[in-house]
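Which chain is which? They are A, B, C, D and E, in the order written, and residues in each are numbered from 1.
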């Protein structure tokens, strides 16, 4: 299969970025919107074509999906270690291409309406182009370093887009926080890469992931503190993934990231960038699975499960609709991690992997839809808060419907997309680890609950008195909603296990009816509870909130994680480390240097008396000098 | 006339012309033309070098060897390898950018440009010298104009800063002198003549004891100008007081002499000394890396931030050099280049901001993205480059350093490496802090709304610096291979 | 006999030398110096360098002492009591000098001089011919040079001694008050 | 040669004279007195040369000639010093050492 | 006296003739035309200087009392050039004196006598000639120091100089007498063979060394320096610090390296210690000085300390580096004193703070001063750097790295105070800056020559090669 044209997929958005970025001032907003949309449309078409070619034209060879790579050396480290730039085409990268293309295209279209009239309109599309380019690059990466490079680039695009409203203090802080927290995670990622590079001698995915390759077979060669160094490397790499995918405890940036424009939240912080962590683990899945009997993979599973639960609990208490969605995203990402964590490798064993990817796919659709819907709402009422909303179904029918579809999908109501993927994850969990399974089921219930709390809160409940009467968004915004709604409905019907599996062979997936029933029931219970609590304006929720007392308070304050981080950064790092160091530098280090100078001058002051002006004193020194020198050289030094 | 001596002669001719310049206009035209010619020569040199390299595999090419002081066996001996070629290009670019940035130097323009070009002579000469003595001469020539440049055209406590900078650097070069003499007088242990020629000395097996004695002297001598902790304090004050172009040249080029000298002299000639002493200097450089970054977090003066950031970045250079392998060394050279461009760019931008707002205190600035978008955007880009974002030169350099450092297996080196890698996070903190406070946010001062837009010469200067940053960042292969290849003979000295 | 004379001479010289540097009357101290010089002439006589003794008496006692007396008379009232240094300074200087004497004498006494027993006398003619000889061992060149020295000293003495008086009010030394405020900055 | 007197004794005397001169030079508060002390110092050397010549190397007259020249130079030196002192006296009406301390530190 | 001995004593005889011609001129030129004496003196001395450059002859005269060789001849030329520059720089001052006080010829006579003394001193073949040369070089200078008879500080400086010098020469003589006692001769040629290393010799040597140390202003024999420089006319301070010191260094070096070579184990250490002390004390005192003359005085003390580094190896290398350094030092210090002279002459100002903003009013003077100071500080590419570097090389050649280290520490300290002057001239701006003035042609010429010398002497390596060959030829 000729894959050269795939290079165009990232290149086109990059060109769009350069065009819009450099001629930022000269391009009319109307034009730039079209440039962005059509650029992405081209990329999306190529992506679809690539997917079509890969899965259907080329298909399996010997029952296995082939991996195609094309790469060129970008930089040499040593004779063996080098960074390549290239593209790697395999099932997950193709799938990711599709996901990114669809969501990004929809967001582009949506943004034309949403951002209308904004003074940074062109800039916005430029940034979107940059992000899309980086994301394509990330998913197509052939080696760890390339993925790291694009990893950083998506990070910075995220930073730029979160800080898009750069005059808003909260947006600046959020952007900074997002970047620094993920940067911290990347620090781990980088160390992981270093370890891998040093001990396996390569960064290349194909070589690394080869189950018969030396990297996997020789994992036990070197160990450190009881664990194989490769396991350490994978754990470090997972830190990187956890940072991007907002896993506990590196999740704190994600809620704040909602300061960005809503389309951005949909694209980056719901559908694509945040799944990079999941993608990374999936990318290295053979290593995670085989090295040290999946020790690192277990960690992934637990972290995922805990994050899913943790985020879901918080999501219940949030009142900012975007934040609810943000925690929901985190929760779902935890789900995907969990899925990967409980996966096996071959055949049906690998259902967790497949399910996780599947969930990634479906989640991208319905979560993007949720965000865009929320954006539509915000656009209409000019507020992010539930308290300012209610009964919007009367004003915004399309938004209402599409939002409902998405909520149902995420709640796991069959036959919508979420149901299928989530169900598979639970199956995998059930087969591997019961504890995680129970957590998963519980989270599914919570998800349904908070999602419908949100839905009812926005579209039902009491009619507020709005300053401006809310009205349905323009076609440019509703069209993507509709498209994504359709995808959310039908997405689950794709026979995913045929295409994307850990061993690339594929298997026939079957619905496990008892488990599916349990999950669905739990979901519906959640919806029901939300109905009871939030369908009509009542004080039931407040009462229960009171009943839970401190727990509710903690959850609504996100378990004080922000405060802890604030404490560590502001109080410890800034006050106790940075400030003293800065002071130390001025006072002690610089002081010493100045001190040397000043002391010299001081000595000079002190000894000036010797030059008394009295010729006899001079003579005295002269004679004393002679005598002393004579003494020294006659009695002390000679022979 | 050989191609390298022109790097000395052209600036001298430029100075001669400058002497007769009557006004700012004439002076800057002469300076610009001179620097343009230099840049042309530097670019030409790169191609000539690449071409020459295919047919010539001696360590240095384009060599020229003229006996200077015969009794001491001092030669005017010049030549280049890939490393020097790259650094020469850096110098030419930064000097030209500096001239553009100083377009409106109303006070004593002629003298300003003369000093600037004298400085550049020192730097060019240093990079092409093979002879230790010549190298030392150029080293000092490069340092001393700083005194005048900061003292006359500087701001703030300029006299104090200029004096401190000069004394510390000259003090360091004094220590260096002892080291050089020590090397010189031990260059005959194999029975040859005493020589200052680096390539010849490298062939001599200087006794280990001697190496141990003189390595720290040479290392510190050079490293002070490379802002080795705790001898870096001249740099924040110096930068803060210096006029824009001087900060650019100083941080961009002059501080590179440190790393280059350490590499060319201390490491190459005294490898066993290097191995023996490396631990302490590794500690110092890692402390410098972290410490510089943390100090930068707390500063409010833009130039101080950048100065401390330089301490941190150049700490990485020294750290990499001490890692004693090709990858790290490659990283060190690349970092020198990259930091050169980046920090020069930073200082240029800071200068422009200062010129417009008359303050460098970030707490008094805000929302500049709105009022001077071009400068601000470039500032953001420079910041991102500085924190090692892929696609910019900083990333390429840092990755080489880290990967190289990681080749060292023992625990001490590992810890040092991980600590130094952690700087990527701290760097992000202080860069984004500045971006957040200064460029974003509401405009803090009404008068800022009417700031002058960027002028053509400023744009020129900025682009000159930005292009290589992006260039190296996007396509590092040719450069890094050119350097790697030149590193071969040096690493052989260590094995 | 000679021995006793020498001791007497030595004692006189030392005593008068002490007196010359301790006396509080200017003129007296010059006279004491004269005695010392005469004593030295005596020693020259003792060791048979009569010419030298004569030179000593004429040039030193005759010329230099007169010169000094001259200047004393020019610048002093005879009765003027000289100031003396502070006792502490005297003591310290005394100790330093004693230390010096100790060092020198110790060195001299530990040195083994190869004394050549002789009874040669030197005639003035010898000295004269040596002084004007250009051969090895001759001293014509120093003789010429000393003339230049004396000429130069004479010219110098004359131009300085005939210098004008300092005009009142035109003192250029006043601006020294603010000189010694050394700077403390680096 | 002085009967019964060794060179050591004579050198002792000259040494003492020398240091008396030094002592005077260091302690006298008057320029002319200092000049007197200088004469003592020079004389000590003169005697040294002569005595060493006589006792140790009697066949060459180097020491004696040296002495003669020292005496001559001393005369010149004294003359010049006196003229400077007189000139100074004309300006400040004093020949005290403490009045020549304008320049210091 | 035949022609060949005339050639040998060419410098001395011509200079003597110049002095006599001046005496004739003094009596024959009428008093209202006295200022033409200046031109005459410079012209005559110029001829004398040029005459020195013709092919030298070597040998000794008067039974070894006078001897000359290529290096000595060269060094006399160096002194000549120094004095010539000095004359150019002080011509205006003398002219003014002539107009004021009706005397000036004496200045030249005394100056030339002193120079003559130096010739004899460095050509001396025995201690007597050395002593006479020393005195002849010192006495006229003392007279010249007190030359401005209307100035109190001038007289004070003169009396300080002559008293200190008298004490010093007394001490020297006492030392020489001891050397005479142990070696039995005053002839260098005999001493070098007879000298032993007993205590009396060492004592004699130390006393003798103190005398020369006094002339070179080595610590602790240096204290007269600053006061005398400050009080004396600038030309004389300049003369003392450059010519007088240079000659003394030269003869000290010749004596140490040849006659006293057997005592090397003593003087090597002594020179080491004195070098360190001298550098530090000189520099520490120079730090605070506000009067330019005092400032240069202490700077020249520190420079003397540096010169001692070249004495350490005691061989041709040391000789070459010392002579080379002295040559460069002559130009550098004369340039600095020349600028001080020019400014003092036109404004009477000698304080460092008077120099503030000088560059903006008198750029050329400031540039010369800066070059001179950089040269003194040893900053490339000006000559002083090369001089210092070679001195350090000489010291390092014997493995005295610690000494070199201490020396370079001192270079840094010295740089500080040299930069203080640069700071005043270039960095500061002042309302009361010395206004622009034009110097006369002689002064301009004098400064131009020094500036060119500073720029060229270092970079032009054949000069050093030449000195190196000369030094090799005498060992």
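Methods note: contacts are C-beta pairs under 8 Å (C-beta built on N, C-alpha and C of every residue); 3 or more make two chains touch, one makes a residue touch a chain.
Quick caveat: nothing in here was measured; it's all calculated off a predicted structure.
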| item | value |
| --- | --- |
| Set of chains adjacent to chain B and to chain C | A, E |
| Path length in the contact graph (chain C to chain E, fewest steps) | 1 |
| Pair with more cross-chain C-beta pairs in contact, given A-C and B-E | B-E |
| Central subunit by CA centre of mass proxy | B |
| Centroid spacing, where centroids are CA-atom means, of chain A and chain E in whole angstrom | 77 |
| Averaged-CA centre spacing for the pair chain D and chain C, given as whole angstrom | 2 |
| Centre distance in Å when chain A and chain D are each reduced to the mean of their C-alpha atoms | 96 |
| CA centroid of chain D to CA centroid of chain E, Å | 27 |
| Contacts with two or more other chains, residues of chain E listed in rising order | 128, 132, 135, 139, 142-143, 146, 149-150, 152-153, 155, 158-160, 163, 167, 171, 181, 199, 203, 226-227, 287-288, 416 |
| Shared interface positions of chain C, touching two or more other chains | 93, 96-97, 100, 103-104, 107-108, 113, 137, 139, 142, 146, 149, 152-153, 156-157, 160, 163, 165-166, 173, 180, 182-183, 186 |
| Junction residues of chain A - those touching two or more other chains | 594, 597, 601, 604-605, 608, 611, 613, 615, 619-620, 623-624, 626, 630, 634 |
| Residues on chain E engaged by chain B in the complex (per definition of touch) | 317, 320, 374, 379-381, 385-386, 389-390, 392-393, 396-397, 399, 401, 404-405, 408-409, 411-412, 415-416, 419, 422-423, 426-427, 461, 464-465, 468 |
| Chain E contact footprint on chain B (complex, rising order) | 68-72, 74, 133, 136-138, 140-141, 144, 147-148, 151-152, 158-159, 162-163, 166-167, 170-171, 174-175, 177-178, 181-182, 184-185, 213 |
| Touch list for chain C against partner chain D, complex | 1-3, 6, 10, 13-14, 17-18, 20-22, 26, 29-30, 33, 36-37, 40, 43-44, 46-49, 52, 55-56, 59-60, 63-64, 67-68, 70-72, 74-76, 82-85, 89-90, 93-94, 96-98, 100-101, 104-105, 108-109, 113-120, 122, 126-127, 130-131, 137, 139, 142, 146, 149-150, 152-154, 156-158, 160-161, 163, 165-166, 173, 176, 180 |
| Residues of chain E touching chain A in the complex | 159-160, 163-164, 167-168, 171, 197, 199, 202-203, 206-207, 209-210, 214, 219-221, 223-224, 226-227, 265-266, 269-270, 281, 284-285, 287-288, 413, 416 |
| List of chain D residues in touch with chain C within their complex | 1-13, 15-24, 26-30, 32-33, 35-37, 39-40, 43, 46-47, 50-51, 54-61, 64-65, 67-69, 71-80, 82-87, 89-91, 95-96, 98, 102-105 |
